[in-house]
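Here subunit A shows up in two complexes: once beside subunit B, once beside subunit C.
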Partner chain A sequence: MALTLPPDSRTPLSWPVRPGNGLRASHGIARTLRVLLALALALWLVLPLVPLALWAFADRWSFPAVLPQAWGWGGVRAALAQGAVPAFGRSLLLGLLVSAVATPLGVLAARALAYRRVPLAPAVNVLLFAPLALPAFVAALGLNVLLLRVQVPPFAGVVLLLTVYALPYTSYTMRVAYGAHDLAVEEEARLLGASAWQVMWRVQLPLLAPALARAAFLAFLVGWSDYVITVLVGGGTIVTVPLLVAAAAAGTGNDATVALLSAAALLPPLVLLLVLGLFGRRPRSHQTNGDVK
Partner chain B sequence: MRRFGIRRIRFGTFIAGAAAALLVLSACSAPAPAQQSFASWDQVVVDAKGQTVRLWMYGGDEQGNAYVDKDLIPAAATLGVTLQRVPVADTRDALNRVLTEIQAGTRDGTVDLVWVNGDNFGTGKQAGAWSCGWTSQLPNMLLTNSSDPLLGNDFGTPVQGCEAPWSKAQFTIAYNSATVTDPPHTLAGLLDWAQQHPGRFTYPAPPDFTGSVFIREGLDSVSGGDKNVPLRFDQKAFDRLTPALYSRLKELAPSLWRQGKTYPKTSAELNTLYAGGQVDFTMTYGPAELTKLVADGTYPAATKVLTLNEGTVGNASFLAIPSTSGHKAAAMTVANLALSPEQQAAKADPRVWGQYTVLDTARLDPAQRALFEQLPQSAVVPSYDVLSRNANPELSAAWVPALDDAWRRLVLAGR
Partner chain C sequence: MIPAVRVEGLSKSFPGTGAPVLDDVNLTVEARSCTALLGPSGAGKSTLLRAISGLERPDAGRVLVGGQDMAGVGPEHRGMAMVQQRPLLFPHLNVLDNVAFAGTVRGVAKRAARADAAGFLELVQLAGFGPRPVAALSGGQAQRVAIARALAARPAVLLLDEPFSALDPELRSVMHDLLAQLRRSVNPTVLMVTHDRSEAAAVAEKIALFSGGRMLQHDSVERMYSRPVSLEASRLMGGANEIPGTVRNGCHHSALGALRLPGDTTWPPGPGILLVRQESIEVGPGNGPGLHATVSGLRVLGPRRLVSVDAAGVLLRAEIPWGRALAAGDTVTLSIPTSALAVVDDPDTAHTFPGAEKRPQITVQGLATLASIDN
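Let's look at the complex of A and B:
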């Protein structure tokens, strides 16, 4: 086993130190190019959002003016009148529920595929990925008949179908994470007397936390951005933000409303991403401690 | 997110057609349209109390949404009916939901009322999606003219009490009078104008709803008037009449916006071009929106409605109750309420929504008539009487795909 044992039991487990060192850092032109490329990429991501931000508070902006001719709260008022606040609440709930169901399922599937002999493993893999190939519209139209026949309540039906659509993301993310996960660490903890429960909470979970966070985030996005399943399976009982955006975008003169709703719809995922960035990492301090020693 | 949603919807429309076709093919298994039977209107009103009605409607018209939220919902509440508005990007979404409910044999569906007309109504009727024969029980139906062709036929599909009238609309062409100083007065004249002013005119590409109407207007025009085009589709008439239409449109194409190499995909795109002053004309089946769009500065202040000597096509839109709805009494109550002179007048106010009434003013009492006479005139849109002068009936729905397909083959791909 290539793993070095910790000096004593009080020292927390540490991940191998990051291999980056002075030799890997780029210099000169390469460095300049790299920075420029990063800046260009950032610009490419941010640029499309600028008109969105401008439109959100533009009461009048007609071609060919470069900037809005009149600023105001028209977009905000219209968005509120369309029921934006309760819609945000419902979208948030839907995203969190899908995430809460699809992430553990993805973990279980990935762990089984990584460590157990799953019969017909390639077929299971394909099955887990199948939702990505199946247009949501087809699934919604076909499966809704079944859901109605067995009397599944609309909200439960939406969560169920969206969970299926989130599974490819969560199971794939976790499959990759388990691929890089060293089971020896868990075995070692068991050897040192940890219970299976302790191994899961104190060893496995911290090591997999970043991947778990990524999987949960992707699953949240599936619930957060869906239109077609929410409409067809939800049957109008759940009016979420994508419904408001799609409806407003289908009309003329709603640019400010659409921009405001879309820009506002970016915020919760962005906040989640930041939270993940702050808390979803492996504890850095331990690594630094290890470095110093 | 927005783009993604729209792409799915487009694909959805395609699948919906296929699904509806399948349903029609398996018509033996499709349930017959449920017949509504209430002993009396009083019975309906009593049954309606405490029920919830979900009204599914196209949500892209903020004024329409506001009218329902601020006028219709509170008025329904006084009758003991909880009305909820479900905004959708396309009425087809509501129909799709109903079609799955029919397949599942649902009796208590989540769609109770749909704002619908044309193609969606016809497809749904074929598939048994609507409750029929209930509108004659609505007391306010007596205030409409039962022989009005717009209310008896919805794009060639007989209404047969499967939907209650709600609003009338007239296909309208608007122009910027600041740049168009010599407005034409016929559709042929409009096409000539477009040729004399390259790049200043275009129309949405069919099968966009509005673009499709424009093609039909063109067919009437090149055929020497709507009286020469049979309402019912027939292949011989199509072969005889359409070559003139497509050769005219092909001849026109190089003079259109961007030399006709591309067309606005939707009427919303054409409206944006017009709002930005890139073209001088736009067109809509909902002239009601023009007043607001000029007032809030989206459209140029000099926007005017182009009245054509030969008239334009008109239609009505309706409220339909799906056969799977479990709240028919309440849905009928709301449909009757929406037909009341008070609600029709509120809806016709250009400051509220500006949708034309389906009521026959001759059948109203003086107090009710006064409600309509008090309405302020829109500065942009003429009254319905003026707009609907010489109004032409809509061709039957079977004409639409044939004309749209030929346009794509001969005009769009033919250059």
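Let's look at the complex of A and C:
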């Protein structure tokens, strides 16, 4: 029997959100002010990078010259001589390890908190966020003694402590994501024949991928940019980029080296951020052609 | 024949809720039939569906599917699929891959699963919609994709949890027709939760009526309307006429006089409330034959009218079509066919009947429901 269906109304399932419409649109002077403010903010972020970039390749730049008087590779050579490459390697390893440990831990904590499987959930929440309130050097000094007593290798100790400092970021990011995650979709997948593992890999993971990428990025930043814990727990033996920058900055005549290292230190997070922006969005249902492949 | 689904003594409580959500529910559903689980909100219908599907673990009782006890069997191994009020399509997959999901998780090659899915999309009249993202679908289209996705899992039992309640009336009617068509072509056993009597009657052969976690009655659609087993069941089915009286020798004696009861049932003697559907009472002109009554009120019900009449001091309601002019104070005659009559025990005097303990009694939750209906 042929059915007559009503015309395709194309009514979207969710309330249509048009950021530019109605009350949210700004006009006239408000629009001009908004654009000016955005430009000022962009300038504020970019401006400090300009002297860094100039200093990195300046062999001589004395006051009051506006631009360097001599260009060269002196800064690069000095940075390489001071061990910039292995320091970059260590920082990268530290960032990736912290991210690799703190992200799954944050996922577990967030899932448990979001679905109320935790007794005394508010207290656990406070505990998870405590590292943000505790100054890093206090924790590092206190725990350093303990780590030495139980003979934890310095690098493992640094990773351990930095993971604790990254946990608030990963657990909070994932908590927000789980708050918006619909468990009914997972139940639906189970009823369609998916095992618990298949639900995790084929439904939960793709839907939470953007939040996971954000959490991993934040945890990476904690490991990548740490100074205090690496110095105190590492005992000066683990030379990372922040340590190298600080040492160079403490000396005199190292302006080009400091600038080069600082500018180079921006690159890995920037690349990660770009990757996140390009691929870290919720995977959209891809448009295929009409043929069944 | 082994029933498709059998529920035995199923009970379920949730922490923090006083009364059980399901209280000793027994239900047998024949293979390839369509049964509507009907009842007001909070009656336990959806919890029963979730317990049958394996999404909820019952406190007591068991669920048998095809004669096999489902205790410890995961939802993915029960041979069921569910369509809920929200389509719950996977937002990261396009329409075709949503429908192909069940095939791919079963290990079917993606190409074959997609070809199969395209067939099911055609079945729900969405051929060519496969490449679209699910966000581009209208509410009705999304629900049809959800049905196609469920059917593509080849379920022996299709569970529908108020799947059309978010759709407008016109679309709902179309979906009812679509469901009937799908039953003819695919023919799974269907269990559908709804709180809408008309929808239950439109799609199902049998209705299981729930209130306060208990199943009040499980019967054919016609008998659910014509032979409710209790006052509560009658009211939940929309019955509006209740006349107290006594049953003697197959007749009900009340202020309306002696009315012969249908001969296909043995009516136990004793006090009983006569029930007659408002749709079954015919209202004729005042000078015609039948029971004389005076119109006391009129209410418009869209294409029909609900007429309140006073017949020998008894308030009766009759649903009649538009046509003859009627006004309050008019004298009319009522004609009540014998086949439309039924008698239930008055819950206050039920204990006086032999075998009363076996008959469904009104529950505390049921009383609350009735009170809300009265208000």
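Annotations
The working rule: the second predicted complex is superposed on the first by the 245 of 293 C-alpha atoms of A that agree within 3 Å, B and C clash if a C-alpha of one lies under 4 Å from a C-alpha of the other, contacts with A are read in each partner's own complex, and residues count from 1 in each chain.
One rule holds in what follows: a residue touches a chain if its C-beta (ideal position, glycine included) is under 8 Å from a C-beta of that chain, and two chains touch if they have at least 3 such contacts.
The shown structure was predicted, so the numbers you read here are calculated from the model rather than taken from an experiment.
Applying the stated contact rule after C-alpha superposition, one finds that A:V145 touches subunit B and leaves subunit C untouched.
In the superposed pair of complexes, A:S195 makes contact with subunit C only, with no contact to subunit B. With both structures placed on the common chain, the touch criterion links A:P206 to subunit C but leaves subunit B unconnected.
By the touch criterion defined above, A:P135 reaches subunit B but does not reach subunit C. When the two complexes are overlaid on their common chain A, residue A:G235 makes contact with subunit B while staying clear of subunit C. Contacts of A:G253 after superposition on the shared chain: subunit B is touched, whereas subunit C is not. Shared-chain residue A:V185: touches subunit C; no touch with subunit B. For subunit A in complex with subunit C, the touching residues are 1, 3-6, 8-14, 182, 184-185, 187-195, 198, 202-203, 206-207, 282-290, 292-293.
Residue ranges on subunit C touching subunit A, taken from their complex, read 53, 55, 74-76, 80-82, 84, 86-88, 90-97, 101-102, 105-106, 110-111, 114-115, 118, 125, 128, 130-142, 149-150, 153, 159, 170-171, 174, 177-178, 181, 184.
On the subunit A side of its complex with subunit B, the touching residues are 59-60, 62-64, 69-70, 74, 78, 81-82, 135-138, 141, 144-149, 154, 225, 227-228, 231-232, 235-237, 239, 242-254, 257-258, 262, 265. Put simply, subunit B touches subunit A in their complex at residues 1-2, 4-6, 8-9, 11-12, 15-16, 19, 54, 56, 58-62, 65-66, 69, 84, 86-90, 93, 96-97, 99-101, 103-106, 109-111, 267-268, 271-272, 275-278, 289, 292-293, 296-298.
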